[in-house]
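Order of writing sets the labels: A, B and C. Residues in every chain begin at 1.
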Amino acid sequence: MTDDWDRTPTAPPATADRLAAEALIVDVEGYEGPLDLLLTLSRTQKVDLRRVSVLQLAEQYLAFVSQARALRIELAADYLVMAAWLAYLKSRLLLPPDPAEDGPSAADLAAHLAFQLERLQAMRDAAARLMARDRLGRDRFPRGAPEDVMRIRKVTPLASLLDLMQAYARLRTRDDFRPYALDRDHVFTMEQALDRMRGLIGAAVSWVDLQGFLPAGWGSHPMRRRSATAAHFAAVLELARRGEVELRQTETFAPLQIRVRGPR
Amino acid sequence: MTRPPPQEPGLFATPPMAEQERMVEAILFATAEPVTVADLAARMPQGCDPAEALAHLRRRYDGRGVQLVRVGEAWAFRTAPDLGFLMQKETVEPRRLSRAAIETLAIIAYHQPVTRAEIEEIRGVAVSRGTVDQLIDLGWVRFGRRRMSPGRPVTFVVTESFLDHFGLESARDLPGLKDLRAAGLLDNRPLPGGFTRPEDAEDAPEGQSDLFDLAREGPP
Amino acid sequence: MTRPPPQEPGLFATPPMAEQERMVEAILFATAEPVTVADLAARMPQGCDPAEALAHLRRRYDGRGVQLVRVGEAWAFRTAPDLGFLMQKETVEPRRLSRAAIETLAIIAYHQPVTRAEIEEIRGVAVSRGTVDQLIDLGWVRFGRRRMSPGRPVTFVVTESFLDHFGLESARDLPGLKDLRAAGLLDNRPLPGGFTRPEDAEDAPEGQSDLFDLAREGPP
């Protein structure tokens, strides 16, 4: 780069100037947007970014864009947007300030552009310093042989007293609420008793207590005794009705007695 | 390689021993595998004496939380054996007990000492080995005395830890059936066909809401 | 239930500080990842003071080949940077980052929490999705809170792993941060007079800088 950039773009470009411009153009793919390009151009002014001539920078940028057009290089839209804005800024900077006009002065706009450039440069410098730090895996190293932390899984059971009580209550009430079904274990039916009696009454030639006819094992358990007694009582009533036996009871609540009825 | 021959002095000054110690420390720290003295020498600048540096370093770490140990022909840092317990990380995982487990537990608590056959009779289903084992593992159930009946079956009882977890002084503090009913925990649905047993009459049908409230309050 | 609360003091004697130092040393030596003070406390016996133990330990390793470093809220041992040359075997070639990625990373680090629009405003060019994704994949950048401005845009912040990689104790220790702030170069200064170029229109320029500064200051 040379000081040739200091010339006004209206002057016919010197060879060096043109070469520099072409170098920029050829490198257009390498620019990270118009701000990046402006930053590169501003370096040619060889001054602190705070004192960069924004007017000159605008002219350099516009020269770059016209150069690119002349070389038929397609520029991305944001380069053209920036060109339009810089053209506007340039005209504002060249004209004497209009006291009637509100809003930011051309100087304010120029200052803002300078700020943007300075900020971008600052971030680039910061990035470079960051990358130059002592980095993990390159300059600093972590433990190479970490000892595995043994993980012990401990299960805490979730159960409250209420859960326990509910479980027990559920168990104890299950029997109470099972569907209604006749429990036949302790039932001796009249038909069963009738069959039994038919085979036994032949022995009752004289009066015998009905109690003596109850089947073995049905006399101790109260439910079984009741059921067997009722069944046998009903059976002998039936036999009496048919005239096969005689019944008698000597007094109220006395044992019921039966006797086979002999043929007449 | 264009390294100077080992005897040539002065070209590169050998680092002082303190520096060599630092180097060995860093290499052993960052390396995945134990490192031999030869490996150390190859990695360190010319003229270093890794064996001596190791001896210094070993003394430096004597009694520390990590120690420099010899692994075959090589050296490595290892956690001091007495601090191994720090390398364990307990993760606590709260889990709900299965229905089988909580029912079995309830039966043991209410009927202890109780045999497996008795548990099965009350639950109406076979009790899997795993269920009781799980309760024993939890420390809530242990073996009681053998029953003096044919076959001398083992019995199960609940433990101190069970009482502790459920906030009971003794197993006798477990609420009785009457308390359960009063608390609305015995769900007294009417029997089919409108048949009611005498004891049902005393219980109002709002038992459900009591249960809900109690559930929200939690055990006292 | 009736278990003692975990913080109850006095039940067990607290290990002496020298012993706590050994414990912290062992735990940090055993892991490659930074460990927080809270994690240390959780793994050490009741009543220990890992923060004090860390302070002692840090002094002990001062100038050694291995150093105790702070990484955000956590702590780790790392080899001394001047000994990196010994570690060719362990060196992992850092993934090559594009210029856009490096700049974006620096902008996120220095301006965090920062929105995509703000990154674009600073760089003067659109930020491609891939650039930020790459930084997120590396574990150096993550999503921060949404900005309380129109559209509630997401913000980006750097991670603990970023701090670890670049050897920073906290984001406040970024090189030159103070100077940049003093020079106003971290301000989100809008174009004067509300003049907006098309790409700025989506972002509300006013009020952001207040919020931004507030968010960046954070706890001291």
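Just so it is clear, a contact is a pair of C-beta atoms (placed from the backbone, for glycine too) under 8 Å apart; a residue touches a chain by one contact, two chains touch by 3 or more.
Note that this is a predicted model, so its numbers are computed, not measured.
S.K.: Can you tell me which chain lies farthest from chain B, using the average of the Cα atoms as each chain's centre?
M.R.: C
S.K.: Taking each chain's centre as the average of its Cα atoms, which is closest to the average over all protein Cα atoms shown?
M.R.: Located nearest the centre of all protein C-alpha atoms is chain A.
S.K.: So, what's the distance in Å between the C-alpha centres of chain C and chain A?
M.R.: Distance between chain centres, rounded to whole Å: 28 Å.
S.K.: Averaging only over C-alpha atoms, locate the centres of chain B and chain C and give their separation in whole Å.
M.R.: The computed centroid separation for chain B versus chain C comes out at 34 Å.
S.K.: Going by the touch rule set out above, which residues of chain A reach two or more other chains?
M.R.: Chain A, residues with two or more chain partners: 141-144, 147, 149.
S.K.: Enumerate the residues of chain C that touch no fewer than two other chains.
M.R.: Within chain C, residues 29-30, 77, 79-80, 87, 90 contact more than one other chain.
S.K.: Quick check: in the complex, which residue numbers of chain A touch chain B?
M.R.: On the chain A side, the touching residues are 141-145, 147-174, 177, 179-180.
S.K.: Could you please specify the touching residues of chain C with respect to chain B in the complex?
M.R.: 1-3, 21-27, 29-30, 43-44, 63-66, 77, 79-80, 83, 86-90
S.K.: Spell out the residues on chain C that touch chain A in their complex, using ranges where they run on.
M.R.: Contacts found on chain C: 29-33, 76-81, 84, 87, 90-92, 94, 99-100, 102-103, 105-107, 109-110, 122-126, 164-168, 174-176, 180, 183-185, 189, 191-195, 197-199.
S.K.: So in the complex, which bits of chain A are touching chain C?
M.R.: 32-36, 38, 78, 81, 85, 103-104, 108-109, 111-112, 115-116, 118-120, 122-127, 129-131, 133-144, 146-147, 149
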